[in-house]
Every structure is written in structure tokens, then in C-alpha cells.
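Here chain A shows up in two complexes: once beside chain B, once beside chain C.
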Partner chain A sequence: MTPVQSSPAPSLAIENVRKTFTVETRTFAALDDVSLTLRHNEIVSILGPSGCGKSTLLRLVAGLETPDAGALFINGRRPVAGPARDCAIVFQDHRLFPWLTVSGNVDLALDSCRLAPAERRERVRRYIALVGLGSFASAYPRQLSGGMAQRAAIARALVAEPALLLMDEPFGALDSLLRTRLQGELLDIWERNRVTILLVTHDVEEAIYLSDRVVVMQPNPGRIRAVVDVGLPRPRQREETAFIALRKSLLELLS
Partner chain B sequence: MAEQASSSLPPAGFPRGAVIPAALVVLWAALTETGLWHGPLVVSPSQVLAVPFLDASGREIWAGVGASLLRLAAGTAIGAAAGLAAGLFVGMSRRGGLALSPTLHTLRQIALFAWIPLLTSWFGNGEATKLCFVAISTFFPLFLATEQGLRTVPATLREVAGVLHLSRRRTITALLLPAALPSIGVGVQIALISAWIGTVGAEYAIGNGRGLGSYIASARDQFRMDIVIVGVAVLAAVGAGLHYLSRAAIARLTPWNSPRSSA
Partner chain C sequence: MPLDSKALDTKDRAGILHPPPLPWNGREAERGDGGRRLFRPAGAGRLPDRLLPFALPGALLASWQAVTAAGFMPEQVLPPPSLVLRTFIAFLGDGEIANNLLVSLRRIACGLGIGVVTGFAFGLLLGVSRRAEAYLGPLFRAFAAVPALGWIPVLILILGIDEALKIVILSKACFVPMVIATLDAYRNIPARLREAADVMRLSPRTRLLKLTLPAMMPMLFGGLRLSAGQAFVSLIVVEMLAATEGIGYMMVWGRTLFQIDIVMVGMAIVGVTGFLLDALLRRIERGIGARMGERTGSHG
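After this line comes the complex of A and B, so read on.
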């Protein structure tokens, strides 16, 4: 793939976004004046305690919620109402359709792309192989383990080749061994298919291991507290001094 | 992961569920054959067993069952199709639902057998009334189950359909219908039970024509308790058979919904 240099617009621009929710009669600001810009092919993690609005921010980018104030731009374009185009999301739960096989689920994501049937089949096959589920293409979600189901969900998100991949605690429901492995696999996929990734997590190590930058958020109202450049060469070692030092300072920012 | 569906395994040897009925039949046989229990209306199990094969009027039960099953099939086809259509319409179209739903939810409050006087005055005592009655008895279970199935499609999966930009048509075929199918399946099961009760009930209440219901009614009028008991037993057997057949059919149609060990 050729490096993207021609497009001047950032992959994602979030400008002074505000989102309030009303529960009964109380109104609270889930997000207040949040601005963030993602360069192309960058991996940015949003880190913060629960209730800091990090998932809300992701849902705003995905077009699943609309901001009360401010604006969002994907590749310089302001998405029209409804779910954003050119952008895919992986949720914490895999959300596969239980009545469709892995192939069927991944294929569904190509429904709105106009592809020739042969190309479409090939694309589905390729992305299922990419996440290591080649021999489970015709398995139903209930026949998969949690990690396999989440990989299928990642294939579904990637198959339409979005410019922006949103991930809402994608490995949060998995055990730590599996989580570490899938983090490695995600980086492999990212190296091969360059894509911008915005990832919500509450796992400090995950944020450092994966991202170019870590956005630390704080609750009540949800705001960006700090944006930290990771600046470590990949592949990163979780035991190295710089990694541990960064983890320490991020944990301090969070407390 | 490798959980076993132990509760659905068929029991080995004598089925546990048959113990109580078998014990009751043995008790009944003991009381009648010894003469401890006697009277003009008391019959023994052996008499009852022989009646549908050896007795001239007893053998008519087969024609009656056949006529009832045909009526059940025709009435169910009409009522279930209409119920499914109404449920899909109300469940998928917000405005359609708001317009139609209150009417249907009010009509379903009418006790099933309260329709009979109305239907007989509209359609007379013939086949049309009976068919209409069976259709009504299947319409509401299927309508309610379909509407419920569509209403309870998980919001999380609706969001997925949104972010994948599925077309309306694809959302219906890939999400709404499969998601509602287990509920519709339960609706079909309830509708069939309801239809069988409706079929025999209409025959019994109206009393003319062929069918298991009118057959039992005339046996009662002639004090043929052996025929009445056979009729009731066949009634139960057909009902149970319909239930198991429909359950098996639904399980085949919704394999993702039944317990199964993982790969």
C-alpha cells in the first residue's frame, strides 16, 4: 500500500463536541467541549474511568448518537445524520447475528458495497483468514469461543475496508492471555492494512501497547485531561523501563 | 464450553412421563374388571380399546378425526397467515402499528367461545362458521407472537444493522425475521393447540356435520361412554402429536436457538 500523503484532511476531527443526557429530571454532560484530531493510520486510545464519556465519544463518531454541540468530520467530511460511512465499529460484545455463520456475518458488511459476487466471496474469505478463522467460516457464533467470536467481529468490521476503525473495549470481555494475543494480532492486521484506529479501553497496558497517542479522560463532565505521546518503537515490550514508566505516569493521570 | 444438554436427552427404558397415566389405567382396569366399580356408565379399558376397531359406530371415529384434521389445517392456514401478516405489519411499521394494534388488542380480549353466537348468526351452522372459528383461534396467538418477536429484536443488533448500512429489505431478511422466528415458532405451537381446541370445540358446540367434536357429542347423547372416552383420548393424542411435531419443526428451523455443544 502507498502511504497516504495526498489527503490533507485528517482521518478524524472532533471539534468542541458536547453531549448531555437527561435521566429523569437531571441533566449531566457526558462530554463537554471535547476536541481531538486523528492523523491517517494513527492508533489512538481513549483511556478513562467509567462514566468519563469515552464510549459516548466513540458512539458519536460512529453516528450512533448526535452531538448537542460541536461537529465531527471523517476524512474532512461531515457525516450526514445516522451511522457514519467509511467507518466501522467493533463493540465490546461481538454482536454477531446468531443465525448467520461467520461467513454470513462478515458478508453482511459488504451488503452496501457494490462488489461483483466473485470479488465479494474472495474478500470475505480473505478477511476471515486474516483473523485466523479460516477453518471456521461456516461455524455459527454459538460454536465459537469468546475470542474467536470477537475475531469474527473484527473481520466483519474490516471487510468493507473502512478508513476509520472504532473499537469499544474490544478485548475487555476476554481473559488476559487472550487479550494480549489479540492485541498482537490487531497490530499485525494494522501493519498490513493501514487503517486509522480509535480505541476505547480502561486497560492502561493495552493503551500503551497499541497506540501512538493515549487520550486520558476525566468524568463529570467528560473532558480530555491529557493527550500523551507513546513514542516507543514497535514491537513494544511490556517489561521495558520506558513502558513501565509510561504506565506509572498514566496511572497517576487517571487517579 | 462443552456443556451437555442433559435435560433434553431421551430417558432410557420406561419413559418417566408415562408412569402416572399407566398407573391410572391399571387402577381403572382393576376396579372395572373385578366389578368393584360398576354401573350403566362405567366401561373398562378393554372395552374402550376395542371400540374404534370392533364396533360399527366406534369405527366412525377415524372418519371424524380425518374431517377434524382437514378442518384444522384449512382454518389454521387462513388464521395463521392472517395473524402472521398482521403481526409483521404492526411490528415493522410504526404508523401501521399505531393504527391497527389497539383494535386487534381489544378484539383479542373476547373469549374464544364468545365468537360462536356471532359467527353462527353471520354464517349459519355450516362449514364457514367452523372454519372462521378455527381461523380466529389461530389468528391471535400468531399475531401476538409475531408482534412480540419483532418488538424484542435486540437493540444491539439493530445498531449493527445501522452501522453496516443494511438496506431496509436486507434488515428485514437478515435481522428482523430471523430474530422474530423463535417467538413466531412458539406462536405456531400455541396456535396449533388453540386451533385443535377450536376445531373440536366448534364441532361440539354446533353439533352437526362430521368431525371428532360432533362425534363425541352424539356418543354422549347415546350414553356410549366407551366412545366418549376413546374420543377424548384421541383428542388428547392428536393435540400432543401436533405439539411435538410443531416443536420439532421449529427446532429445525431455528438451530441457533436450541442448546448445542460447541465445536
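After this line comes the complex of A and C, so read on.
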């Protein structure tokens, strides 16, 4: 399969990245020689037990940490220092600013974009509507339920129309019903606004349901154990045999 | 039955959200502490909540009057409250109180203004710059350890006993708590929100206005109120030591005349003015908190 690409460079290229942390006097490798390439508009999940470095990998891509060795390229460009342009992140907790309304929070993400005020307002309105919070634009975060706040965080991440969306267990703090629904909504949004998504999760079903490929990681040191192609047509049914079989083999890879 | 958070999320097939009746302004949300009422015993003859703060002062006043009426102590040592009240009314009438209070309040305003502004700027500098903290932090802590009033003997020699002395002493008294509060407030900006600001690559200006200042606001107000308290303490002492007008001077003057009632009028004025200033600052603080939607810190 050869996808048509607008740009020859991959959306994200991670090359031989290593990251160590020192706690007290002990040094351990959170990531050791990790390489991964994401094609444009691909959804890739990183699956692994806690401590396998999956969140560290995401933070490296976001520019919140710097690698000890290796390099990262977003759209072929190497971020100089600090958080990269064209890249947004949704954390496990919503991290909305409590003193700003939903639209105030979403608007904040456009701070580094040069947009005319009218266009900026329209963009904020459109993305708040996209995540189904149209009538809550002027609500404050504390007035929202967990699911609504997380949707607002997704709107904030998408509003600057990044080429790469990073998600660190974005639905991990929600109950399973809501999680399933937001997974569906995320796919809807992805179909409408094509974007490359790198998603960290510990939920095997979530990884299969959402992704084109699943990266399985192992701890001590954090390494990629396997990269599995999902290859099921969307929309995927969690009950179908192929889904369940894939789930079984992924669980085996994890244990 | 109240709606729970999952019910709030309900969106029907047409994509229409049904907005629930949320507590829309902060005031109503705050009132949700149903617990307090539960523990109130339902006794007869209880005072309404509004009068509770006056119960103890009222009782003290009554026993004070009773003690003096019984003649346990000479009037020069413990004048009866009725005499203090008479003196108060007389001083109110001839402008003695208004003049002295105005002088004192002007000194407070100057000292508080200078101390708070410079304290905020210096605290922010220490918070933002590791290098500034390394150079200036220890010196500041040593400086802070010497009370403002400890500077009076030296400063009298340099500045004389004019207004400059009072303003410098008061500024120093306000500067220290404001620096500490600002530094603490800066360090307590949640790392989670700072990271969110990092990945959004906020400009320095937006970051200051939308993250740094709102996050610091509750602790800054705590520092401001602490500074105001310090200003009052220092004001009275410095006025008692070196001044020719002001409430503190009025108290010393009363003492030299052996008119303790004048001293007590001064004490009452200081107490009430300090209380009102603090109440005003708290009101402003709450107003700003409501405007910003939520306060990250606790009510002071």
C-alpha cells in the first residue's frame, strides 16, 4: 500500500532515541534505541505496561523533554529546542486554565498563529462545535463534567490545526462508557480533519479500535518489542472475531 | 432527582446538547456547603450569625465598665469606657481624629504602595531568574530577618524624623512579606498548566496575562493583606517614636498627659481602621476571584 503524500518527509520520524533518568544515584534508561516512523494521517498507538517509557516518548516528541541521544523530526524538520510547531498534545488530565472559559482556553492555542480577529473567533467557535460543546463555550472548566472538559482539551489541541496530534492516555481518567463514545468521536473528527495521531494508552481495545498500527513496548530499558498492523476496516466492531484475535495476540505480547 | 455528570453529557442524535441547570455564577456554587448547617444545634435564644462577632467584644466592654464602676482601679490607670467614648466624641468634633487619621492613612498608602510594587517586582525577579535568586536571595533573607523597626535608630540619623523616615520604614515592612508571597505564588503555578502553556508556545505577554498572574492572584492577595497588617504595626511604632502628628503620636501625647482615655481612643481607631482595610482587600480579592471564574487557592 503506497499512500499518496503531499510531502515526501514522514509526519514524524523518531531515530535511535535514548533517554535516561537519574533518581538519587541510580540511572535507568526510560528509552533505549527507539526508532519509529509515522506516515501522514496515520493513527499509531503505543501500548505497554507502566514504566516502559511510552509517556516519555510522547513528551520527547512534544518537546517537553530532550533526548540524550538520537533525533526526532516532525515533517522532516528537527525542532530546535522546546515544543515544536505543528504539534499539539492532549494530556490525561484536561489541563484547562480554570480562570478562562472554554472559548478562552481554546483561543489560547491560537496565540502563536497569526490570524485576523474575526477568523480567529470563527475558528474557536468551529472547533468548540466540532467536539459538541457549542452551548458551553462560555462555561468555566469547573462547570464541566470530566468528559466535557476532555473534549474541550481536544478542541484546544485541534484548533491550531496541527499536523501531528499527541495524546497521552486521553481517555484514561474517564469511565468505560464515556471512553468508548469519545473514541468514536475522535475517529469522526479524524475523518473530517485529517491529522496524524500518536496515542499512548494502556487499553488494548482502545489501541485496536483506533489505530492503523500498534507499537508494543517493554520496560527496563524501554524498547519497542513489536509493531503490529491492525488492518481491519473501519468502523471496527469490538465483538468481531478478527478484533478479538488481535486483542489476544497483543495481550500475549504484553505479558 | 439531580442530574449527574454523565447525564449532563447527553447529546441526542440530532446533535443537540441539552444544557443542564448548572450553578452558573461562582457565588451559588460556593453556597453548596450544606454540611455547615447540619451541625448547627437548633437551640432557642441563639444569636443570628451576623451578631456573633460582636458577642465577645460586647461582653468585654460590659465587664470593663463594671470593673471601673466598682472602683477597683483609679481612673488614670483604667478609664471607664464611657469616658473613652466621651473623649472620642470630643476629638471627633474638634477634628483631632480626622487630622491625625488622615496623616496616618497617607503614610500607610505611600508605604504600602511603594513596598507592594517593589516587593512584587523583586519577588518575580527572584522567581523567574535562578541567577538573581543565587545573587540576591541570601542577602534578601538576611535583610528580611531584621525587623523594619530595627532600622529606626540608623534611619533617624540618616533621614531625620520627617516623612521620609516613615515612608522608608513602612515600605520596608511591606516589601518583605510581598516578596515572600510573590516568590511562593510564582513557585506554586501548577507545573501541569506550565507544560500546557509550553506546548501551546504562548508568547511571554500572553503567558503573563493568562497564566502567571491569574495563577498567582490568590497568594498575591494574601501577601498584600499581610503587608497591610505589617504597615499598620510599623506605622504606630514609628509615629510613637518620632512624629509630630498621626494616630501613634496622638497616643504618645495622651500618655504623657496621663490621659489613658486618649491612648485608648487611638487603639480603637487603629483596630477598626486595620479591620476595615483588611475587609476591603478581602472584598476586592473575592470580586477578582469571581470575575476569573475560579480561585486556585483557598480563601485566606
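Criterion: the second predicted complex is superposed on the first by the 251 of 255 C-alpha atoms of A that agree within 3 Å, B and C clash if a C-alpha of one lies under 4 Å from a C-alpha of the other, contacts with A are read in each partner's own complex, and residues count from 1 in each chain.
The criterion applied here is as follows: a contact is a pair of C-beta atoms (placed from the backbone, for glycine too) under 8 Å apart; a residue touches a chain by one contact, two chains touch by 3 or more.
For clarity, every value in this text was computed on a predicted model and none was experimentally measured.
Q: Could you check whether chain B and chain C clash or fit when both are placed on chain A?
A: clash
Q: Name the contact category of A:Leu164: first (chain B only), second (chain C only), both, or neither.
A: Neither chain B nor chain C is touched by A:Leu164.
Q: Who does A:Ile74 touch here: chain B (first), chain C (second), both, or neither?
A: Neither: A:Ile74 stays clear of chain B and chain C.
Q: On the A-aligned overlay, A:Phe97 touches which partner chain: chain B = first, chain C = second, or both, or neither?
A: Both: A:Phe97 reaches chain B and chain C.
Q: Between chain B (first) and chain C (second), which, if any, makes contact with A:Leu177: first, second, both or neither?
A: second
Q: Have a look at where A:Tyr140 lands relative to chain B and chain C in the superposition and call it first, second, both or neither.
A: Both partners, chain B and chain C.
Q: Per the contact definition in the header, classify A:Ala149: touching chain B only (first), chain C only (second), both, or neither.
A: neither
Q: Under the stated touch criterion, which partner chain does A:Ala109 make contact with: chain B (first), chain C (second), both, or neither?
A: Both partners.
Q: Of chain B and chain C, which one touches more of chain A's residues?
A: Comparing chain B with chain C, the partner touching more chain A residues is C.
Q: Would you tell me the residues on chain A in contact with chain B in one complex that are also in contact with chain C in the other?
A: In chain A, residues 62-64, 82-83, 85, 88-89, 91, 93, 95, 97-100, 108-109, 111-112, 136, 139-143, 145, 156 are touched by chain B and also by chain C.
Q: Touching chain B in the complex: which residues of chain A?
A: 62-64, 82-83, 85, 88-89, 91, 93, 95, 97-100, 108-109, 111-112, 136, 139-145, 156
Q: Report the residues of chain B in contact with chain A in the complex, numbered from low to high.
A: 1, 156-157, 159-160, 162-167, 170, 174-175, 178-179, 181, 254-257, 260, 262-263
Q: Please output the residues of chain C touching chain A within their complex, sorted ascending.
A: Within the complex, chain C touches chain A at residues 5-6, 8-9, 11, 15, 17, 19, 22-24, 29, 192-193, 195-196, 198-203, 206, 210-211, 214-215, 292-294, 296.
Q: Which stretch or stretches of chain A touch chain C in the complex?
A: Touch list, chain A to chain C: 62-64, 82-83, 85, 87-89, 91, 93, 95, 97-101, 104, 108-109, 111-112, 132-136, 139-143, 145-148, 156, 160, 175, 177-178.
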